[in-house]
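Structures incoming, each one as structure tokens.
Shared chain: subunit A. Partners: subunit B in the first complex, subunit C in the second.
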Partner chain A sequence: MASNAAHRTRRRALKWLHFFGLFLAMMVLCVPGLWVVLNSFRPTVEIMAKPPVWIPNELNLDHYRAMFGGVGEGGVPVLTYFRNSLIISVTSTVIALLVGMSGGYAFARFRFKGKAWIFVGLMCTRAVPGVALSLPLFIIFARVGIIDTHFGMILTYVAMNVPFTIWLIDGFFRQIPPSLAEAAQIDGCTRWQAFWQVEFPVAKAGIASAGIFAFLTSWNEYALASQLTRSVTSKTMPVGLLDFQAEFTLNWGGMCALAVLMIIPALILTFLVQKHLIAGLTFGGVKG
Partner chain B sequence: MAQVHLRDVVKNYGPLEVVHSINLDIADNEFVVLVGPSGCGKSTTLRMIAGLEEISGGEIFIGDNVVNDLPPRERNISMVFQNYALYPHMTVRENLGFSLKIAKRPQAEIDKAVDEAAEILSLTPLLDRKPGALSGGQRQRVAMGRAIVRHPDVFLFDEPLSNLDAKLRTQMRVEIKKLHQKVRSTIVYVTHDQVEAMTLADRIVIMRDGHIEQIGTPLDVFENPVNTFVATFIGSPPMNLLNGVVRDGAVVLEDGTTVPVPPGYQAREGQAVQLGMRADNVMPVGHSLPPTEHMAQIEMDVNLTEPLGTETLLFAELAGAEVQAKMLNPRPVEAGERMTFQVMLDKCHLFDAESGAALRG
Partner chain C sequence: MKSLKLPPWLVLLLPAIIILAAVVLIPLVLSLYSSFTAYKLTRPDSLYRWIGTFNYEKAIGDAKFWAAFGRTVLLLTVALNLEMLFGLGLALMVSKVTRGQRALRTMMMFPMMFSPILVGFQFKFIFNDNVGLVNNALQSLGITDQAIPWLVDGNLAMFSIIFAEVWTATSVFAILILAGLYAIPKDPLEAAKVDGCTAWQSFRYVTLPFLMPFIYIAMAIRSLDVARAYDIVQIMTNGGPARRTELLWTLIGRTGYVDARMGYANAMGYISIFLAIFFTVFFFRKLTAARAELGMGV
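So, the complex of A and B:
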């Protein structure tokens, strides 16, 4: 009996420890985000207050109003930045997915010379930090005349994302037994139909997750964009954040408001695709 | 309705030749089973017939047409894969109807064909499930259903039962046989299980290392194996093989035991041979079938017994080799007991020791 009670206390203690650990982890993850959201809704005085004010006294939309306001009153061209970000991210993601699908499929299904080395080469490109490329890229883009254009940014992000999408999508196609496409061919499909009717739908979830990664990478990228974009014609939202930085002042509230606007589409996308991800990951057509 | 002919069909993977110029004629409505040990080229041969694997030489006919260069979809065949290869994102109904949908048949016709196939294979209650929610045996039936909806000329099966447990395998074996009687179509079936081969086949094709060793009806390959490979591969327990030398019309085993050369076989004086006898034809005196014209008697020490109920399998030793024998109306046998056995000579075989070929006279 005694040992039973001891056992129970220990289990309860463990459970609380567990909760505490989770709480700590979640705090590390969530507090900065919460802080950003909170700051975007409260006056600058409160943001700067020392010691920090945790429970806000007053919430308002001043920062948002100012941001969308005229250039003189602390406004920034939010909509233009948003549009630039959207065009660049969506286009580069679509292209990276198309290339990733072709490449991933080829790596998963076909045998060709130098396959292993090409694969290693692709992975190596990921080892180079993006910033290290910013100067060479800047010079080349300036020469070619694609600095500060959507095209230049799309090109950069496609190059950045393709190795990753190929690698991810290769993994997903590898999990699909080749006999699935063979069965489809016997059932009357051409090679091409077999891909679109069977292999693509089965790998769809994986391809979608590769898409999220590519999209978020482009959407959030700052280091290269800050060098390769100059003006409202191509500046993306992360670069736009710097508009709130004057010589001696930093408009924290405005920055946070823009950051919130940046986070929202990414969250929406992730939620939309996530349902799909889970639904698609149940995989039972082959023996199990 | 179609015959299948293979003419000198060869398959290379790079410099490696895995199927060596095989010839095979399969009649309309025939159930042919390709059997052989792992890696002997059964699947490769089947996949060449399906068009999933290019052939490196020779010709394949389905019906009267050479199909060498036709893609799988133009050969009017169905195939059941070892892993079933069901489409995981489609329901059972969609899986069954897929080939007809691709062929752009009217929906009413597809529904009718699917219902019919589901009826034959008792899949009707499962039609709206996805393959992930089916048991192994049910998946297997869906795979067969997918094959029969299109009424193909030829069915190809690649070890369709190897992922099922023993009981289900026996059950499905019967179903496949029934199915063949119902749909009446040419079937090429691959397995490495000789029991499956014996029970299902009209004719068995025994393969080894990319060669065809023997083609014949189950009874034919069982009773007249052309070499020691076929002799030991077909039948359970495997045929006993004893090394010996021919002297004066008898086989002298290594320990001096002599057994007359079985009727129908011929060997040179002094030729090194292997005497083949199945357990069913070696029985202890008093526990055997009634004696026939050609009988021989040998003495052996029994080392081990395996009671099977109506009979007992005896493991004895003769001339340094293990011999399995059967005992009818069994009585308990002590290990080490010496017994006299009757050998039914007219069911025994004689092979050349070097080439393994049967020495038919």
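So, the complex of A and C:
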């Protein structure tokens, strides 16, 4: 039975290796983020201490208090930034999903000339980085008078997200056999009703996953927002992060506190829809 | 309005086309035009001075531009390959876990929620030579007693940037590959087992070909993102020290905004956009081929 025992040891070793590898990977993924969270509760003296303080002596809410406090005490209009971010991200995500649904439906259900080229053209618009767009957009937006407004930012983010949502949603609609909607139409539905009552519910999971990608992109975008927002009327949180940076100093603790506020909504949302996310990607990915 | 009847697919695509034309196409045409002029931010009237392809010729003859170009391609290759390997490993490990997978998946996606600019600041601090987490840890463990200048030395700075890029984007690969692992049909794997394949053989010849489309999708998405990498590098090193970590878009951003030579910057921008499009088309081709191999149609 020597080979049996050897087999068992090998299995156990593999199991431990698996556990250890997973633990190490999760450590690397989570520690930098958790360090940010931890630092938001520590006084600046301790963050900057040399030699380093590994076990925190005191944790407090000073950075949060300062952030929500008045302008004189290092306060930053966080709530306004948060509201701006929320309005801009949510609205642009909803619009991008609607536009993406109609575009994705067109790609999935209709055959037309130049389809492949229109598709590649749409994808290529994603190759253009924010830095390249920011100046021409700034000039145009200033002319039209929508600089530093929610509307301007929403418009920009919708454009940023549309190619990707079309691509993902196209894949989900292709999964649904056309006969399903046709059957509904024979039963007396209009095409519009057939879409909302038959095809939309089936593709819902996929649309949710496209939605979360769009939301995270808008929520985190910096290069364009830094140019197209000027004041508290439309500044978003990633731009607000720079309020903690002065000429030569950096209020790291305060920055961490704002970062935590930025991560929480994203974390909640991702946790809620992550199951659909996997299902959605499986759909859209391969067979798209 | 009966006379103007558009085909339904065009009606459905119209919103997307209008928005993209307004926000992406018009600015691009504007910057394409300005790349043929001597446009300087400080002198608006220079927008009308047509100088032909002078900017392009200058960019092609510019050593700094090609250095940044090479560095971007290097970052693209190294980061994408590392992300692919780590993402594959991570997805395989997570898929083998029987309990608590939901929590693990959420943890795995943790870096995806970080704004690139936040990642930049975070790693700028972690790699800080004086009070950074890495140096503190190395010194406390007694591995070294000197402060390693992570962001000051040229090669180490490039390493730090690659580390930050890989940290943020490994989860993109992991999540897509995990989605692929869930979708693998069980029959071929069982057939391989019956035929006496080792674990490695069934991974290499059954699992991996099935995962390839997912890997290429992730590659296509990420190659676009890395080719336009700006935020992280801008914050971490700002292209320094002495341009050792200068990438295409930080160089372009600096030329455009700091030196105010917008026309020249736009010319370089166009060359880099073509680089990004090249990589994307390349991976899309691969994707189509991998799909065809699996008989999934296009």
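Everything below uses one rule, namely that the second predicted complex is superposed on the first by the 266 of 288 C-alpha atoms of A that agree within 3 Å, B and C clash if a C-alpha of one lies under 4 Å from a C-alpha of the other, contacts with A are read in each partner's own complex, and residues count from 1 in each chain.
Everything below uses one rule, namely that contacts are C-beta pairs under 8 Å (C-beta built on N, C-alpha and C of every residue); 3 or more make two chains touch, one makes a residue touch a chain.
Here the structure is a predicted model, which is why all the values come from computation and not from measurement.
A.B. asks: Give one of first, second, both or neither to describe whether A:S179 is in contact with subunit B, with subunit C, with both, or with none.
C.D. replies: After superposing on A, A:S179 lies in contact with subunit B but is clear of subunit C.
A.B. asks: In the superposed arrangement, does A:N220 touch subunit B (first), subunit C (second), both or neither?
C.D. replies: Second partner only.
A.B. asks: Quick one: classify A:R143 as touching subunit B (first), subunit C (second), both or neither.
C.D. replies: neither
A.B. asks: According to the contact criterion defined above, which of subunit B and subunit C contacts more residues of subunit A?
C.D. replies: Here the partner covering more residues of subunit A is C.
A.B. asks: Go through the superposed model and pick first if A:A266 touches only subunit B, second if only subunit C, both, or neither.
C.D. replies: So A:A266 only meets subunit C here.
A.B. asks: So, A:V158: does it touch subunit B (first), subunit C (second), both, or neither?
C.D. replies: second
A.B. asks: Who does A:K113 touch here: subunit B (first), subunit C (second), both, or neither?
C.D. replies: In the superposed model, A:K113 contacts neither subunit B nor subunit C.
A.B. asks: Is A:M48 touching the first partner subunit B, the second partner subunit C, both, or neither of them?
C.D. replies: It touches subunit C, and subunit B stays clear.
A.B. asks: For subunit A, what residues appear in both contact lists, the one with subunit B and the one with subunit C?
C.D. replies: Touching subunit B and subunit C on subunit A: residues 282, 285-287.
A.B. asks: Across the complex, what residues on subunit B touch subunit A?
C.D. replies: 50-52, 71-73, 77-79, 81-89, 98-99, 102-103, 130-134, 136, 139, 146, 150, 163
A.B. asks: Where on subunit A does subunit C make contact in their complex?
C.D. replies: Where subunit A meets subunit C, its residues are 18, 21-22, 25-26, 28-30, 32-33, 35-36, 47-52, 54, 98-100, 102-103, 105-107, 109-110, 112, 118, 120, 122-133, 135-137, 139-140, 155-156, 158-160, 162-163, 166, 216, 219-223, 237-238, 241, 250, 252, 255, 259, 262-263, 266-267, 270-271, 274-275, 277-278, 281-282, 285-287.
A.B. asks: For a test of understanding, state which residues of subunit C touch subunit A in their complex under the given definition.
C.D. replies: So the residues of subunit C in touch with subunit A come to 7-10, 12-13, 15-16, 19-20, 22-28, 30-31, 34, 41, 86, 89-90, 93-94, 96-97, 102, 104-118, 121-123, 125-126, 130-131, 133, 136, 139-140, 167, 170-171, 175-176, 178-180, 182-183, 213-214, 217, 224, 227-228, 230-231, 249, 252-253, 256-257, 262, 266, 269, 273, 276-277, 280-281, 284, 291, 294, 296-297.
A.B. asks: Can you list the residues on subunit A that touch subunit B in the complex?
C.D. replies: Against subunit B, the touching part of subunit A is residues 177, 179-180, 182-191, 193, 197-198, 201-202, 204, 280, 282-288.
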